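Okay, so chain A shows up in both of these, paired with chain B first and chain C after.
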Partner chain A sequence: MEYAITFMVIITLNFMLPRMMPGDPFLHLSGEGGEEVWAFTAEQRQYFIEYYGLDRPLPEQYARYLTGLIQGDMGVSYYYKDQVSSIILRRLPWTLMIVAGATLLSLLLGTVLGSFSAFHRESWKDKSLYLLMIVFSEIPAFLLGIVLLIIFAAGMGLFPLSGAMRHFANYTGWEHVKNVLHHAALPVITLSLARVGGIYLLVRNTFTTVMGKDYIRTARAKGLTEKRIRYYHALRNALLPLVTRVALQMGAMVGGAVLVENVFAYPGLGLLMRQAVFVRDYPLLQGIFLVLAFGVLGANLLADLLYRVLDPRTRGQETA
Partner chain B sequence: MYQSQVMNPRLLLRVPGELYKKGIAFWKSLSIFGKFGLTVILAMIILAVGAPFFTWLPHNVSSGPALVPPGGDHLMGTDEMGVDLWSQICYGARVSLLVGLGTALLAGLGGGIIGIWAGYRGGWIERVIMRLIDIMIVLPDLPIMVILAAFFGSSLRNIIIVLALFSWSHPARIIRAQVLSLKEQGYIKMAKSYGAGDLYIIFKHFLPELFPILAVSMIRLSGMAIVTEAALSFLGLGDPTSKSWGLIINHALNFSGIYFTPFWKWWLMYPWAFLTLLITSLALFGRDLERIADPRVVKRN
Partner chain C sequence: MVLEVRNLSVTYQAEGAPVRALQEISFSLKEGDTLGIIGESGSGKTTLGLALMGLIGGKDRVEGNAYFRGTEFLSFSDKGKKALRWKHIAMVFQNSLEVLNPVLNIGEQVGEPLKKHLYLKGKELEARVEELFQLVGLDPQWKEAFPHQLSGGMRQRVLIAMALSCKPELLLVDEPTTSLDPVSRKEMIELLGRLQQEYGFTLVVISHDLSCISRLTSRLLALYGGRVVEEGLTEELLEDPFHPYSRGLINSSPHYFAYKDLWGIPGEPPTGQEAGCSFHSRCSQALESCREGVPALQQVCCERRVACHRGGIVTILEASGLKKEYRLKKRVLQAVNGVDLYIKEGEVAALVGETGSGKSTVAQMLGRLMKPTAGDITFRGEKFYNGVTRQENGIQIVMQDPFSSTSHRLTVEQVLREPLDINKIGTSQERSSRVREALEQVQLPWGTDFLKRFCFELSGGQRQRVAIARALVMKPALLLADEITSMLDPSTQANLLRLLKGLQNSKGFAMLFITHDLELARKVADRVMVMKQGEIVETGSSRRLFTDPCCCHTKELIDAAFGEHQHVHKSHHHPHTHEHVHKHKTQH
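What follows is the complex of A and B.
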């Protein structure tokens, strides 16, 4: 229910905003780039405004927009002169890949480091790791990305400077996978580093709490090995809050991905979004925003459901 | 008697003396990171306010050859137009701090009022506000802000408004929670039974209790606002007339092939370093304040 309302708010916002934007797509089309200036005559303008349905009353535009959306039609891009949905579908896999990769990597890294810190609580190892993580968690991803780009791509030449794969090269099979991973490595590492701090802190805290619980003492009394206690009894319970945390962080993750893509000129939705803003491409902007917002909301919905399955305590009781 | 107190010069000195003592006590309660953060923040504020005193070259017009490395008259070198980078950074601090302060004040006060209202009044208003906050929390802010910045037009004032529009939910939520628990306190109920009005209770009893939490939240907000302004500028959605650190970075990155030249060593690195330093300091200071203002955190550890 909550999610249904949120979906509607996003769709409505998405519909209203571009229509209130100052500026005019025709104005922009006719004056872009300096060289290819072509002016629209009044009749041409009128024709296009009618063609794209911009002269209809707002409720009618809204109804059209909704029905189109349900059929998967997000309109036609003013600038690329192509279906928005197909443009987005072409770019979406790249964004999905780095977001998913960064989520997994930051989860893995955060869990390992967080549990390490929890087991060495108050030692110098824990303290220095804690400090490092706090500082890292506060540096925004795109600033981190610039440094990594300078050091590893420009300085050492270990990674490519931009793009998602090498152009004009026909790799097949394994070579192709390697090439794509090589290009994705820096963006994914950047995003993970920027996100790992929050996960680290959460794991460190919950682990410490869990280790003080009665069932851990019971396990100890049974004479189980420390390893089994840590990784079988404690880990499962300590990881539970991570499900919610990852979903809540998804918004920040997607925002970070938009910026990081622009740092590395990675051809995902973020890069597309910036280009769309510059050419005032309403439908494309709307489409990208919609896809990103739905992705984040979907992740949250999924986490809610998953949490209910994973945590037996919430089973059976109805939470609205 | 009252008059003699005012006339006594020693008593007049007591007020700044008390403030000084309180300041020292506050400084001592900070951890080493909080001290570091506060020092950097104060230094940045001094830099921003006194920008004309610290710079000797114009920040907006060319004052030498383009892309000069740091040294000599150009403390941090020049950019592609020959504009002195040190001056740009000093004046850019004004933009960043203005955005941070403006957003924090706007969102902090707005969110605080909404939070007090929701918590104190309750009823359907509270339910609507809470639902709204739930929605705001899951929305991905950056894509929305990109769209809004494009839609409002990217003047500095608009950027601050957009930022405030999307960050009031955090202070509102914590203030509401605090008001809810305060409302049940005995002394509030007693004040009410003595006939205290709503405004009296809010101003006399709530605000002093809420202020520390709100202050922490506002520090967080200002850090977030500075980051987001830099991010928007970096995407090319900043105010072109007021050159912030993010915009310098944007210009540097738009210089094609900057990574193949040595220019990034000053043109990119200095604004980057200042931005990172300010953001990290705000975060460290905020974290420390949080620890001091919220006794629950201490108990948990």
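What follows is the complex of A and C.
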């Protein structure tokens, strides 16, 4: 139910936001390439405005938008002259890949380093790791991306400078996968490094708290092995806040992805969005916003479900 | 020997100063022994349990030795300790919301040690877990449940089932009855008792709950500030504590003897910085010399050891063969006929009996208002002499009738100053301040207008309080209170009694409380003596005497005083016999 309401609010905002931007799509249809600079005449503009229904009152536009959405129609891009849904579908996998990759990588890295720090609390290992993590989490993702790009791609030539795969090369099977991963590596690493600090701090803290709980003492008294105490009794409890945290961070993660894609010219939704903003392509913008919002919301839903599996205490509330 | 502990000390490495939680604890337990450990919070009870489980480590230091079946195990490696834990020594932790892992179901948590130590798997494991659940009176269906779904009583049962899973030879139980309702409490005590009998494991019970301790254990340690201050057989120690601290614990226990008023031990728990005996600042019989050196635990009689510079609670007054004869014209009346009694430092002893049984005569002889015909009285180990009622730390008496015990014609100030003036105690200024202090203690005004009032202007309750203040001015070590409330109305009586008992508790003087009112005696007395026809027929702790009297005269008195209550009590249990009880009552 909460999700349905949230969803409605998002759709409405989504509809309003592009229309509140200054400017108008048909001033920019001329493109920015520079070679074919020509402006619409007043009649032409009028024609397009009528053609796309932009002269109608807002409520009517809104109603049309909604009915379109229900039928799975996101409209037609003014700029690309193509179905918004198909444009987005072409770009979505790339963004999904780097967001998922960065989430997994930062989770893995954060949990491993965080628990390491918690078990060596107050030692020099913990202290130096802590400092390093704080520094990394304070650097904005795009800045980090540029630095990495300069050092590893431009400087050392270890990674490609831009794009998601090598064009005009007919790779097959494994070669193709390798190529795609090679291109995704820097964006994913950038995004992970920017996000890992928060996860590290959370894991370090919750692990320290959990290890001091009575039930850990009980487990220890039972003569269980240190491994079982840490990775069975403690980890399951320490992961609970992490699930919530990752879901809440999903918005920031997607925001980070938009910036990182622009830095690496990675052909995901982020790059597409920048172009759409440039040309005031309302339907495309609305489509991108919607898909991103939907993704974040979906991640939250997933986290809620996962939480229910992990924590029996929230399971009980369902029946109550 | 299943367990032998020698000079066990634990120091917590807190920020700043280290905290000594346990200091040189020694005791040993044979197969099937049961040991109780009592003490205030922070006395080190739980630390002792954790130390024996090998759960104190890291920065915190554990010193001394502990032997399990002759093998020192505190020095074991982590691996060695893990092998010993649960399989041989198990612990029922104090019940709390987080004592069980919230995300694992209880069946798994109970079964875990079986997997680890006994290598049980699959069906066998399942069956054993169900067996354990049944053993502690839980439906095996509950094994799928998670800790947050259990009540406090059920959680306690799970903890016991878990502890018994590998059939340990030594079971440590930490506060098994706290936070349980009365029914669960009773069931839990019965369950533990039954399991101990069945399995014959050696049992250590750590608890505040003295009735639980007395039901489950045969020996007892009292811990104070991390040290054992008294050790003995449970029954004897609770009946007759030798250390002032043990007595204080018993007096503050609501479960042990429900009728008695609750009075806590005055003062604050030890900080560990005290010089000498750590209890001396709260002790009723502390001397200056108690600040020097820590008292060692010493044998005082068989099966009893006490750590006290004074060898335990001192007997302050002792009378033997006390007799008083009144010679009438023709015959000799034996008012008191060979009474032997003692009063210990800081205790409230009640002398009860019918009117005419010689109680007041005894009081007057002890207060040196009357010479005994025969018999010896010693006060603080010395033969009775005139000085005892004329000095500080002596004996003072407060009598029944407030109107004749203080003179009408004197002002309040004169009454209170008189003993100090006569005995030349202190300077004039000191005397005035002591008068004010005494008035303050009995909650009377101490302004000049009150001091200048004549005694006849005061009410009965006020005059009795003035009489008590007059006694307190002399800072007595023993106060004889002879029927002091019998002429007061119930409300004044209640106020006065609570005031007096409160003063007794905080000042720590001993009191002989003479009354014919058993209800009052039951509320205030630590120990009761019953008199009949000039003789003491029975004596014992108030709990023992009121719940299980030996002498038929005592039974008669108790039946007369409380008989009716007991019948009412019975009718609660058997509502269908209500009518019958009514008939019974009218016959009485």
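Going forward, the second predicted complex is superposed on the first by the 306 of 320 C-alpha atoms of A that agree within 3 Å, B and C clash if a C-alpha of one lies under 4 Å from a C-alpha of the other, contacts with A are read in each partner's own complex, and residues count from 1 in each chain.
Everything that follows uses one rule, which is that a residue touches a chain if its C-beta (ideal position, glycine included) is under 8 Å from a C-beta of that chain, and two chains touch if they have at least 3 such contacts.
Just so you know, these numbers come straight off a predicted model, no measurement behind them.
With chain A as the common reference for superposition, the partners chain B and chain C occupy compatible, non-clashing space. Touch criterion met: A:233 reaches chain C, while chain B stays clear of it.
Taking the Cα centre of chain A as vertex, the centres of chain B and chain C in the superposed model span 70°, given to the nearest 10.
When the two complexes are overlaid on their common chain A, residue A:285 makes contact with chain B while staying clear of chain C. Of the two partner chains, chain B is the only one touched by A:9; chain C is not.
By the touch criterion defined above, A:262 reaches chain B but does not reach chain C. Contacts of A:219 after superposition: chain C is touched, whereas chain B is not reached. Within the superposed three-chain model, A:241 lies out of touch with both chain B and chain C [touch as defined at top].
Once the two structures are superposed, chain B and chain C can be ranked by residues of chain A touched, with B on top. Shared-chain residue A:312: touches chain C; no touch with chain B.
When the two structures are aligned on their common chain, the gap between the nearest CA atoms of chain B and chain C comes to 13 Å. Interface residues of chain C, counted against chain A in their complex, comprise 50, 53, 55, 78, 81-87, 90-91, 93, 96, 98-105, 112-113, 116-117, 146, 148-149, 162. Listing the residues of chain A that touch chain C in their complex gives 213-215, 217-226, 233, 236-237, 240, 310-313, 316. The touching residues of chain B, counted against chain A in their complex, run 33, 131, 134-135, 137-144, 146-148, 150-151, 153, 223, 227, 230-231, 234-237, 249, 253, 259-260, 264, 268, 272, 275-276, 279-280, 283-284, 287.
Those residues of chain A that touch chain B in the complex are listed here as 2, 5-6, 9-10, 13, 17-18, 20-22, 131, 134-135, 138-140, 142-143, 146-147, 149-150, 153-154, 161, 248, 250-252, 254-256, 258-259, 262-263, 273-274, 277-278, 280, 285, 288-289, 292-293, 296-297, 300.
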